[in-house]
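Two complexes come next, and they have one chain in common, subunit A, joined by subunit B in the first and subunit C in the second.
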Partner chain A sequence: MKVVKWIFIALVTAVSLFPFYVMIMMSTYYSENIFKGLPLSPSDYLTENLMTVFKTDFIRVYANSLTVSFAAGILGVLTSTLIGYAVAKFNFKLKSFLNYFIIITMMVPAQVGLIGYIIEMRHMGFGNTLMPVILIWSAWSFGAFFMVQYIRDTVPTEILECARIDGASEPRILFGIAMPLIKPGIATLSTLVFLWSWNNYLLPLVTINNAKSFTLPVFISTLGIVHRTDYGARMAALAMATLPVLIIFLLGSRTFIKGITAGAVKG
Partner chain B sequence: MNTETVSKSSASSRVAPSRWSGVRVWPYLFALPFILSYMTFHLYPTLYSFWLSMHDWNGIGAKTYIGLRNYVTLLTKDPLFFKSLYNTFIIMLMSVPLMILLGMVLAYLIFHLAKGRVFFQTVNFLPYITTPVAIGFIFSFMFDWQTGIVNALLIKTGLMTEGYYWLQDPLMAQGIIALMIIWRNLGYFMAIYLAGMTAIPQDIYEAAKVDGSTGLHTFTRITLPMLKNITVFLIVTSIIGGLQLFDEPKLLYGGWSASTSGGPDNAALTVIWKFVNDSFVTGTRFGYGSALAYTLFVIIVLFSLLSYRISAGKGDKA
Partner chain C sequence: MNKFFSTKMSIAVFATPALLLFTVFCVYPLLPQLWMSLHNHNGFQNLGFVGFDNYWSVMKSSSFWVSHRNTYLIVAISVLIGLPLSMVFALFIDVQTPRLRRFFKSAAMFPAILSVIVVSQIWVAFYEPNWGLFNTILRSIGLDGLTRSWLTNEKTVMISIGLTFLWQYIGLNAILLYTGIKTIPKNYYEAALIDGANAFQVSTRITIPLLQDVMKYVLILSSLGSMAFYAHVRVMTAGGPGDLSRTVIYQMYYTAFDTSQFGKGTAIAVIFILQCLVISFLIQRFVAREKVEF
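Right after this comes the complex of A and B.
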């Protein structure tokens, strides 16, 4: 029984890792040599492949993706934290309405308003910029939902009351007292926006028409279709595109997984 | 907006001590950025899309009001819509039960490991954070007819004498997409189940042990029922997400060569892929596309309610 258990775990783990392994191995091959055998051991063409990739617009596209992910992270986490703090720690007329509002909006799939959003972005003059893929995160229902729960659970109301009696202003209370307490939640949420905006494919595909504003997923999916299909170079590009999320994930994998699973286990 | 909240606060400050007056204004101010952004970038486009869905519009010229005709065309004269819906459901049927089963088994095994729990959890979670583009490329490479690793392995081990054209077989195409989904999400399912298992109080197990319950009996009588809510959550969210499937099939077929659209015999065409095709690729039928999106929205609402009813109503067997 124990052997079966270990074989199962080892097998699933190997299957999880295999495509990554193939990706990294392939990026060290000269494209035409990949198909002569199984690319299971490293070859010596990595630097050339990297050169090929960097000769394209890769660096600018990479910068675009980083800009989008950081801007989306700051914007999404800020608005989520503000409304989360309001709903979790204040008693006001619209409290329960806002709570339901957040939950209901979380259920509406993004594609329903996609065409309207694209037209709106064109009218606002953002058609060929990175704005459409950033602004969509400015009202991130999941983030708001997460923050309501998180602030409710981690910030004791008494501390806020004390500060209020001492005459601290409300923004001071939020940024000086509540913020330090919810840092882990903010970290989790930032990681999530980073990951999801980094990997997002559909939205940049349909909103960005200008090759100058491409993000990584769109760029790589169109890379090298015109010229010779350079699989090795493409795999190298993919490996580099996967790297940032991999690093961020490995740095905080425990809190990250906790954050992602929190909603499910509670509900 | 601003003056309104301020006056509201001064009215209520008669009741509360004056230094509390800030408490009345600030929650509205804090909620405001989110609400305004939602109105501007989500609610307005959604309503605008609904308005568009009643019009015939190619994105440039004049919009002609045609009432519900887009919806009628979609539901009566567009067999490809039903085909795409059917494909989406087949792919979900192939992937969701397996993800639930494998995710639960994997979580159960890893949960009971003496050591290496964090390691296996982290490693198996990696596919979930990978760019879908990478997944699409890697899978289309692995299953390629001439150059794919899968064929090469099968031939080398003697299981097959010549390569199989995996990606040109309609059923296989759907199977491979299901496989991509399973591969990507298994770690996520496992992590959710692991979190759920950690949340089960340990004294229940001890009580069961005292009563003589062991192994499989404990699993089916305690662990499974305690994980019911999580299973319901996973099924409902996979159906909501599954109906919006786009990245995997599109990148499996649109990645290497842009020539094929929809896979062999359109077997890989999902609803959102058709939506993208109709609205942006083969034409710019924005009205029709909006109608398609709204129809899908209604289907998503119906099926998430239905699946919630069914999976939550199964009682303790689930």
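Right after this comes the complex of A and C.
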């Protein structure tokens, strides 16, 4: 029985980590040598591949991606938290309308509205800047949905009422009392926006034509196209692009995993 | 009175920014799409009103139906194969020691945090016909007859891309389900065990029925996620061979951007939005409607 268990553990590890391992190995190869067989042990071309990557605009692109993910994170979390708090903890006429509005916008994948969104961005003069890729997260229906559920389940209404009777102002109640209680939810949500905006491929691909504003996924998929497809360099770039995601994941996976189902589970 | 006013004011202050931004960036873009779908439009200028012609002509093209078949195949794969596997994995995580549990949770999350570009590039290498992982394995166990060029063979291309997609998200769904399992009170299990139930009975009679809320959530997330399936196809096959691995979103972008037929592209978008709304309505209406209580 014990053997079966360990075999299973080994299998899960291999299946989930193997592709990542292969990526790291590939980044140490000279591009043309990758295709002689699946690279399972490191070669000696890593430095050259890194040089190739850094000779391009990689650093600027990296900075672009960081800008996008941080801006998207702040915007997305802020608007989601505010509307989530309003819908979850107040009674007002438009409350159920707002709730349905959030759910319906969540049901239609953002991808199908992108043609209209791109045209709107062009009209606003944001074509070829990073704005389209950032602004989309300010209207993040999943985030709003998540926050409504999370705040409804974790912030007791009585505490807010007590504070109100004691004469605390509404912003104070939100930032002084509710915020500390929903910190784990905010952490989960920030991780999600960061991951998703960092890895987002379609939106930057169709909105950004200007190489100056490329983000990592788009940049890497065009890397080396000029003279030859340099897979070694591309894999090195991919490995480096995965780094922040990996760090965030290792630091926050516990809170993240705990918070992620808050929207679905009513404890 | 003054306090009442300030509460009202704060609701407005909290809710308005999001409401405004949602309207501007989520809802408003759909209007020009609707308008465009009724016009002959090349993305920069309107070449005249054509009524429903765009709709008829996209529905007549075979690519439209191929792309629908592919999208729904991906939905079917992720719901009918992916979710049961995630469920088994979640139940499995639940019976491990805390240390192993932590390990399995991290291993399960890992693929989901990688970029689609990373995942697709690596899987393209796995599917490579001459030295790729799958054909190498098949050859080494003597099944040379089964080797093929996975991503250019019209029979295997969609299944191969679907497998990559499954690999990436099975673990994430398992974790969502597992977090749900954890909220089921332990004394239900103890009672069942005292009554002599085995692990299988406990799973099918207690865990799964009590997990309906989470299952619905996972079902919605993964079916809508598969409806939006696009990036894997773009990187792995660029829709090929021919148009055989295009999904609806792919077909929509291809029509609009690569052939400059924005009228037709937006017509596809409008048709697809209706489908998404119908599907989410069906899930809301028919799945896990009644709460199970003991």
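One rule holds in what follows: the second predicted complex is superposed on the first by the 241 of 267 C-alpha atoms of A that agree within 3 Å, B and C clash if a C-alpha of one lies under 4 Å from a C-alpha of the other, contacts with A are read in each partner's own complex, and residues count from 1 in each chain.
Everything below uses one rule, namely that contacts are C-beta pairs under 8 Å (C-beta built on N, C-alpha and C of every residue); 3 or more make two chains touch, one makes a residue touch a chain.
Keep in mind it's a predicted model, so treat the numbers as computed, not measured.
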item: When subunit B and subunit C are modelled together on subunit A, clash or fit; value: clash
item: Which of subunit B and subunit C A:I83 touches, first, second, both or neither; value: both
item: Partner chain(s) touched by A:M179 [first = subunit B, second = subunit C, both, neither]; value: neither
item: First, second, both or neither for A:V12, with subunit B first and subunit C second; value: both
item: Contact residues common to both interfaces of subunit A (with subunit B and with subunit C); value: 9, 12-13, 15-17, 19-20, 22-23, 26, 34-35, 37-38, 79-80, 82-83, 85-87, 90, 92, 94, 98, 105, 107-109, 111-117, 119-120, 135-136, 138-139, 141, 144, 164, 167, 169-171, 174, 195, 198-199, 201-202, 205-206, 216-217, 220-221, 234-235, 238, 241-242, 245-246, 249, 253, 257-258, 260-261, 264-265, 267
item: List of subunit C residues in touch with subunit A within their complex; value: 3, 6-11, 14-15, 17-19, 21-22, 24-33, 36, 100, 103-111, 113-119, 121-123, 125-126, 128, 130-133, 136, 167, 171, 175-176, 179-180, 183, 213-214, 216-218, 220, 224-225, 227-228, 230-231, 234-235, 249, 252-253, 256-257, 262, 265-266, 269, 272-273, 276-277, 280
item: Subunit A residues within the subunit C interface of the complex; value: 9, 12-13, 15-17, 19-20, 22-23, 26, 34-38, 79-80, 82-83, 85-87, 90, 92, 94, 98, 101-102, 104-105, 107-117, 119-120, 135-136, 138-139, 141, 144, 164, 167, 169-171, 174, 195, 198-199, 201-202, 205-206, 216-217, 220-221, 234-235, 238, 241-242, 245-246, 249, 253, 256-258, 260-261, 263-267
item: Residue numbers on subunit B that touch subunit A, as the complex places them; value: 19-20, 22-24, 26-28, 30-31, 33-35, 37-38, 41-49, 52, 59, 102, 105-106, 109-110, 113, 118, 120-127, 129-139, 141-142, 146-147, 149, 152-153, 156, 183, 186-188, 191-192, 194-196, 199, 229-230, 233-234, 237, 240, 243-244, 246-247, 250-251, 254-258, 272, 275-276, 279-280, 286, 289-290, 293-294, 296-297, 300-301, 304
item: Subunit B-touching residues of subunit A, taken from the complex the two chains share; value: 5, 8-9, 12-13, 15-17, 19-20, 22-23, 26, 34-35, 37-39, 78-80, 82-83, 85-87, 90, 92, 94-95, 98, 105, 107-109, 111-117, 119-120, 135-136, 138-139, 141, 144, 164, 167, 169-171, 174, 195, 198-199, 201-202, 205-206, 216-217, 220-222, 225, 229, 231, 234-235, 238, 241-242, 245-246, 249-250, 253-254, 257-258, 260-262, 264-265, 267
